Amino acid sequence: MKTLIQNGNIVTAVDNFTADVLIDGSTIAAIGAHLPAQNVDKIIDANGMLVIPGGIDNHTHLDMPFGGTTSADDFESGTRAAAFGGTTSIVDFAIQTRGGKVQDGLEAWWKKADGKACIDYGLHMIVTDLSEGSTDPDKALASMDSVVREGVTSFKLFMAYPGVLMVDDGTIFKALSQTAKNGALICMHAENGNAIDVIVKRAIAEGKTAPIYHALTRPTTAEGEAVHRAIALAEMAGAPIYIVHLSSNEALEKVAEARDRGVMAYAETCPQYLLLSLEDMEKMPDFEGAKVVFTPPLREKWNQEKLWEGLRMNTLQVVSTDHCPFCFKEQKELGRGDFTKIPNGGPGIENRLQLLFEHGVNKKRISVNRWVEITSTTPAKMFGLYPRKGTIAVGSDADIVIWDPNQEHVLSAKTHHMRVDYSMFEGWKIKGNAKIVLSRGEVIVDNGQWKGRAGRGEFIKRATYAGAWK
Amino acid sequence: MKTLIQNGNIVTAVDNFTADVLIDGSTIAAIGAHLPAQNVDKIIDANGMLVIPGGIDNHTHLDMPFGGTTSADDFESGTRAAAFGGTTSIVDFAIQTRGGKVQDGLEAWWKKADGKACIDYGLHMIVTDLSEGSTDPDKALASMDSVVREGVTSFKLFMAYPGVLMVDDGTIFKALSQTAKNGALICMHAENGNAIDVIVKRAIAEGKTAPIYHALTRPTTAEGEAVHRAIALAEMAGAPIYIVHLSSNEALEKVAEARDRGVMAYAETCPQYLLLSLEDMEKMPDFEGAKVVFTPPLREKWNQEKLWEGLRMNTLQVVSTDHCPFCFKEQKELGRGDFTKIPNGGPGIENRLQLLFEHGVNKKRISVNRWVEITSTTPAKMFGLYPRKGTIAVGSDADIVIWDPNQEHVLSAKTHHMRVDYSMFEGWKIKGNAKIVLSRGEVIVDNGQWKGRAGRGEFIKRATYAGAWK
Amino acid sequence: MKTLIQNGNIVTAVDNFTADVLIDGSTIAAIGAHLPAQNVDKIIDANGMLVIPGGIDNHTHLDMPFGGTTSADDFESGTRAAAFGGTTSIVDFAIQTRGGKVQDGLEAWWKKADGKACIDYGLHMIVTDLSEGSTDPDKALASMDSVVREGVTSFKLFMAYPGVLMVDDGTIFKALSQTAKNGALICMHAENGNAIDVIVKRAIAEGKTAPIYHALTRPTTAEGEAVHRAIALAEMAGAPIYIVHLSSNEALEKVAEARDRGVMAYAETCPQYLLLSLEDMEKMPDFEGAKVVFTPPLREKWNQEKLWEGLRMNTLQVVSTDHCPFCFKEQKELGRGDFTKIPNGGPGIENRLQLLFEHGVNKKRISVNRWVEITSTTPAKMFGLYPRKGTIAVGSDADIVIWDPNQEHVLSAKTHHMRVDYSMFEGWKIKGNAKIVLSRGEVIVDNGQWKGRAGRGEFIKRATYAGAWK
Amino acid sequence: MKTLIQNGNIVTAVDNFTADVLIDGSTIAAIGAHLPAQNVDKIIDANGMLVIPGGIDNHTHLDMPFGGTTSADDFESGTRAAAFGGTTSIVDFAIQTRGGKVQDGLEAWWKKADGKACIDYGLHMIVTDLSEGSTDPDKALASMDSVVREGVTSFKLFMAYPGVLMVDDGTIFKALSQTAKNGALICMHAENGNAIDVIVKRAIAEGKTAPIYHALTRPTTAEGEAVHRAIALAEMAGAPIYIVHLSSNEALEKVAEARDRGVMAYAETCPQYLLLSLEDMEKMPDFEGAKVVFTPPLREKWNQEKLWEGLRMNTLQVVSTDHCPFCFKEQKELGRGDFTKIPNGGPGIENRLQLLFEHGVNKKRISVNRWVEITSTTPAKMFGLYPRKGTIAVGSDADIVIWDPNQEHVLSAKTHHMRVDYSMFEGWKIKGNAKIVLSRGEVIVDNGQWKGRAGRGEFIKRATYAGAWK
């Protein structure tokens, strides 16, 4: 099966030129001017379109249990929605149960994805307990090596959520030391959970139970502190570190300061932190604020331009979504009267490329190359998907998006493909959208029509972190 | 004329894959796996080789008058030497004479290049006198707009060399303000010339006349100060700024601090600052130190790793050469007994890619992609040569280097192609060299044989600085 | 003549206790509990009062020519007004005329003060021309040494006012190098005059002639840049440096950064920068803004708290006034229709202690000890007046203020003693005022009555800067 | 009882003048020139001597249990040794037992001091368990308020020693929040104990058991991290914070950065960090290194000048000793073959003023006023002893040291008064020593003779932290 994409404006993290792309089977065979169309099975006219590598969202939570409920998108609905938005790979988070084995967590997530994933996926492993319930306090260190060999080459640790997911600094340091040897990359949820816990309990005791208090009880200093600590522990361990969902300038400054000293500290942010603010949340009536209850919370508006600057200057290298949807009516509702019971998370897997194109590229904050870089190329390189994913190059998987830069549309829960009853960006106008989406050479979205199928997505054995990847 | 480069390892600033490259005439027509070889005029076997975009050296001084003599390489010998080292474009510096017209400086340099340049070249314009000798103190501002329209889209100003090239802060600010409007980029030689001048005169008065005093009379604080000032002036003018030949950690910190605040400050360094040190100079006997008399001077060795870190973290974006050779025997000799009379400059146009491959890529300080980026892609984008130059992409000029990563050779004045009687890196062993060099599709270097000819190089009308180029 | 001050609350930069102070002649003889009152000529009841060392204002411009007019207070009216506000010493600025001799400038200022000064005074010397009009470009360096021997142990240089007072970086560096040897201290007016000049001319060309444009044409970046440069030059010269009238956070950060590295950088601010803002100026109708035209100008309001923080943390060590009054009706008027012709300066010599007591001590921003330290003790130590001045200690001059912390009064041009027709703080309510003021043991202000006389003030031969004074 | 100290050079944190001091009973009655000697019981000739406020050592561990042994000095021997060195007040650390009550810890320490203390003493309280062994996790917060009312107005928390003294960030944050209300000051031992614990266990597992590994397993990054975290927690709580025994530049930078932002962060260092280094320790043969095993450990030598700079610039406000002596022969010996069993601590209570006079004042690193400030005045103000202690002022306790600036002596375990069999500064030559020491008007040391007695020292009820004490 050969497909020829003609006359598109091919955009990679560095280049931008008009040419044809020939796909042979699942990979890219050639890029050229006026490639011969004979012996080609399918021709796609990409005139006036951008031809970009499919987006890679390295931070999603599909089918994830949280506070007695489960995130609304499973691997089928979630990866389908991703595809509609131009994302052709995800890296989701498997979770080690406290007292359970790392490998069991991995198996559980494979099961969740099996027969459902519509696009290729990798898995990070959330480590919550180094003992794995055994008497050996460090048993899981060997398990970490083991899953790395299976292609799970990154881990996530929590400095927040004490008693649930949080691990102490000794555990963090041990895990970092292990990755310094096995080549994996630690992702860190960086907030000082213990201090926040005290503040939260005070708020509840004072009857401050509305959604807005979720945001007001998690100060940016608690994030900045934890980012600084995570980096310090990584420096001592001689390991790289990757801060997830960085939300505030105070945290950003810690990353910048470390990078200026040559430390291998990396960070991602998410569209919600770039585009929504605490001030927006404060305007939301009644219990509506629960829609934007996630962690870290929304910040004061002035932080947004600082994050955009961080993206421009490469202090932030990636934009992921932290997609973790809960329906407003049934799930977010659990926390009415007590914000601590609101399931944490928001939907976003479908809108990342759209939002960044409109508010990044169209608004001239970032170039179209940088847009590709932060949504696809760097995630691919950082998490060992490259060169299979993350670029348009000969031999790479034909995960390609034909992007219409001029299509005008409106984001809405009524029309989106995520299985959740609200949009954080309801009514927002966007110019630019995925028109045709190919995954390993197969068209899975065609002008708004779903052409893919559940289960076609494959687990990606990822390589280890590339070290000095740049 | 069609050329097919087969089976090379194609390396761009972002990608790295094995494929063929088809050249049709002067540009790249296709990149693909096993491209058909029929109808092809020439086949180059690149098996085991890297196929990279030709290097771009945006800081050279060919045929430049300095202190009563002229730099030893003219546009013929200099560009030929460049090509041997894998560099296929340069941007040289035309100079406005004090009291003379900007346009006259440009014409003079065109004349120097005409019939001589072996590879394509652009020109920056050094502005020394805004009045152009007229009664209008700002006459040259319009001339700046004029040369921008002719493709000279960057300028250089000096904060050093008082009475010769130095301009005051008012002039700098006016020029920056003009580029904020016309889109050009100001390159800055950043050293506090007035303070240095006092220190130099003291040294001479104290009988400190040996070459080493050239280095000892130019403290890093004088560089750091000027870098900070240049950036502050650019901020006030709302213009980007590009610091040339940054040599010290103290200066680097100023760039980092500005970038952390989101300021459009860029900087290059040169191989000599990455690889040679003040300590090396101190060991050179007799008058030998004159070989490394250039400005800024060599710094204490510990600065080197800081500069490498800056390259890795993108605080430094470019490595150029500041190639400005003077023969040791006849020219450097002018300053025996008085270091202030030593012509400032050193030879390097031929060795940049070699040195950075050996000490960057082979020593694992930077990736091979980053090597391409800092020596070709970013210079092309920063100075408006992209997309014609700086990448391997369909439609781009076929300025391509077939790089043998395994060729072992030794740098030496006996074998190099620069017209100068010494090498700053005499006897250094290198693994990696340009094997075949193509300029606009034409093989100009073939396994150490010169196949090009003087005058084939064309003047490149450059686009204006791309703004948020990333 | 013996005077006994009974039962006052004695406040020094460090202490705070209730005791009597016995003055014998011009100096303090004893401090004790219930000192014997026999043989005492005069008893002052200080019950409920603070007994503080007289204020020292080390930045005044009395009888100073500027732009075709002269500052409204001469040494008589100015020092009398100072005394009313609790200031018992000043250090004024003598000016070397361009082309003239340093010594001539000093003699001119002695003449201005002679027979007029009501309190003791020192002089700094403003150096404008190192050649002193001779063919020796460095002639004034020896003159600097000479005036140091006469007790003029500090100099002022201007980085602003090109063509009038500004000197270039070479001159600054030479002067700093000279003080590194002779022990004097350089005071710096730090603004990038050349850049500002360009901005000012543009504004005038665009018809922006109102007073507010004085402020809008002098960006904080121009101040921050110059502060950074001044400190860098001082570092290279191995000399301390003192930044005068620091007005903005951007400048403050440069001082903090230098001090964090252990550099001997000091700075003062003035009450107008702590208490008035650009926003205040923007509200002033018609030409009223001319009342607050001085240099540096007023800044955005948020800078104020940063300056208070700087005072608290000792990044700023001194508060002086930069007293340089011009009458609104006749003098400021010169600049109607052209802000560049408004004489630069404002009145303040009388109100410094009052304003800092109300807005510093009463508002709990600084302790009463810190109030004494920044207005008296540190100026005395920094400028070589200590131990004669600046403290309440045995053997020191009895320059003592009996301060009523509870006296409520209103600042107004109608009641102040400065010879100027407006107050920058008209109508401001203050709690706390000087009740009785002694100079060398002599009561010169007694409950609002003037008891001093012109000419009683003496020139103070100052010691050189104390080096590591703390 | 009246004592007259004649003709001494009185030195306070700010002043320096020659006068007599009259003591009436336990306090200072007068300071004056040639005070009348009639009715005076005792005359001390201080001609050629400095007359300074007695030193205050706010960090001592007398009679402290540690690792199965007890620090070698009890309140008698320790305070007597202090007095010999010119220290007339201490603040020692009472310890709450895990599971025990705060008040019980306080009572235990009162008992230790009772009948033994030779000089006045205060107590800090080390909090180890907020539950006090009860079911109320926050019970001790009220106990903190309670001891504050008894004059114990500062607490110490440990971020190191997990399982023994360490508390988690939630506890720290709660305690800081409590002091934000009750006005006390939290002292912090800032090292990341969990990370260090991992490193220590690795070292032991690798057979690295010698004393030097105590130092090598506690990286400066672990200290810098904890200092940053402690300050962040204090900022969030709105409380001041005081870092004890700061030892490295990395930690110092965190304090400087916080203070530059206006944060109420304070820090002390100790003579051992200013004067001894890791390099010194590495040279110590056999098990000798155990003599300098304390926490934080000795650092690389280059840190020393940074700490001196911090003292000069007031980034560090205090020098205390952390006196915690263990005899080399019997106590340090416990850790032969396992550095983790070496009792942590070193002797220093007697030598602080001597070492800082020699290496600070004599070596011109700090002024004599600053010497008094960092060893007496600031400790007094910071910890609520002022104005009773910390200065020479009318009404203050006559805790006075007659200091001979010219006395030459040699530090040695053979001659010192501390009850420990070694000196960390054995054989060091010092110029300057306490000649006569008065405590509340009573001579307790007279030319090397002990005149005091056990039990005369009183517990000092301290005031709460003064807030903006400067």
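A, B, C and D are the chain letters, set down in written order, and residue numbers restart from 1 in every chain.
Note that in this section contacts are C-beta pairs under 8 Å (C-beta built on N, C-alpha and C of every residue); 3 or more make two chains touch, one makes a residue touch a chain.
Just so we're clear, the structure is a prediction, and the values are computed from it rather than from any experiment.
If you take chain A and chain B together, no chain is in touch with both. Ranked by how far their CA centres sit from the centre of chain C, the chains are topped by A. Each chain gets one centre point, the mean of its Cα atoms, and the points for chain A and chain C are 58 Å apart.
In this assembly, the C-alpha centroid of chain C lies 39 Å from the C-alpha centroid of chain D. If you average the CA atoms of chain A and of chain D, the two centres end up 50 Å from each other.
Viewed as a contact network, the protein chains form a single closed ring in which every chain touches exactly two others. A complete list of chain pairs in contact reads A-B, A-D, B-C, C-D.
Residues of chain A that touch chain D in their complex: 162, 168-170, 172-174, 177, 192, 194-195, 197-199, 219, 221-222, 224-225, 228-229, 232-233, 235-236.
The residues of chain D lying in touch with chain C in their complex are 10, 12-19, 22, 24, 29-33, 35, 253, 256-257, 259-262, 306, 309, 312-315, 364-367, 369-370, 373, 377, 387, 391, 393-396, 466-470.
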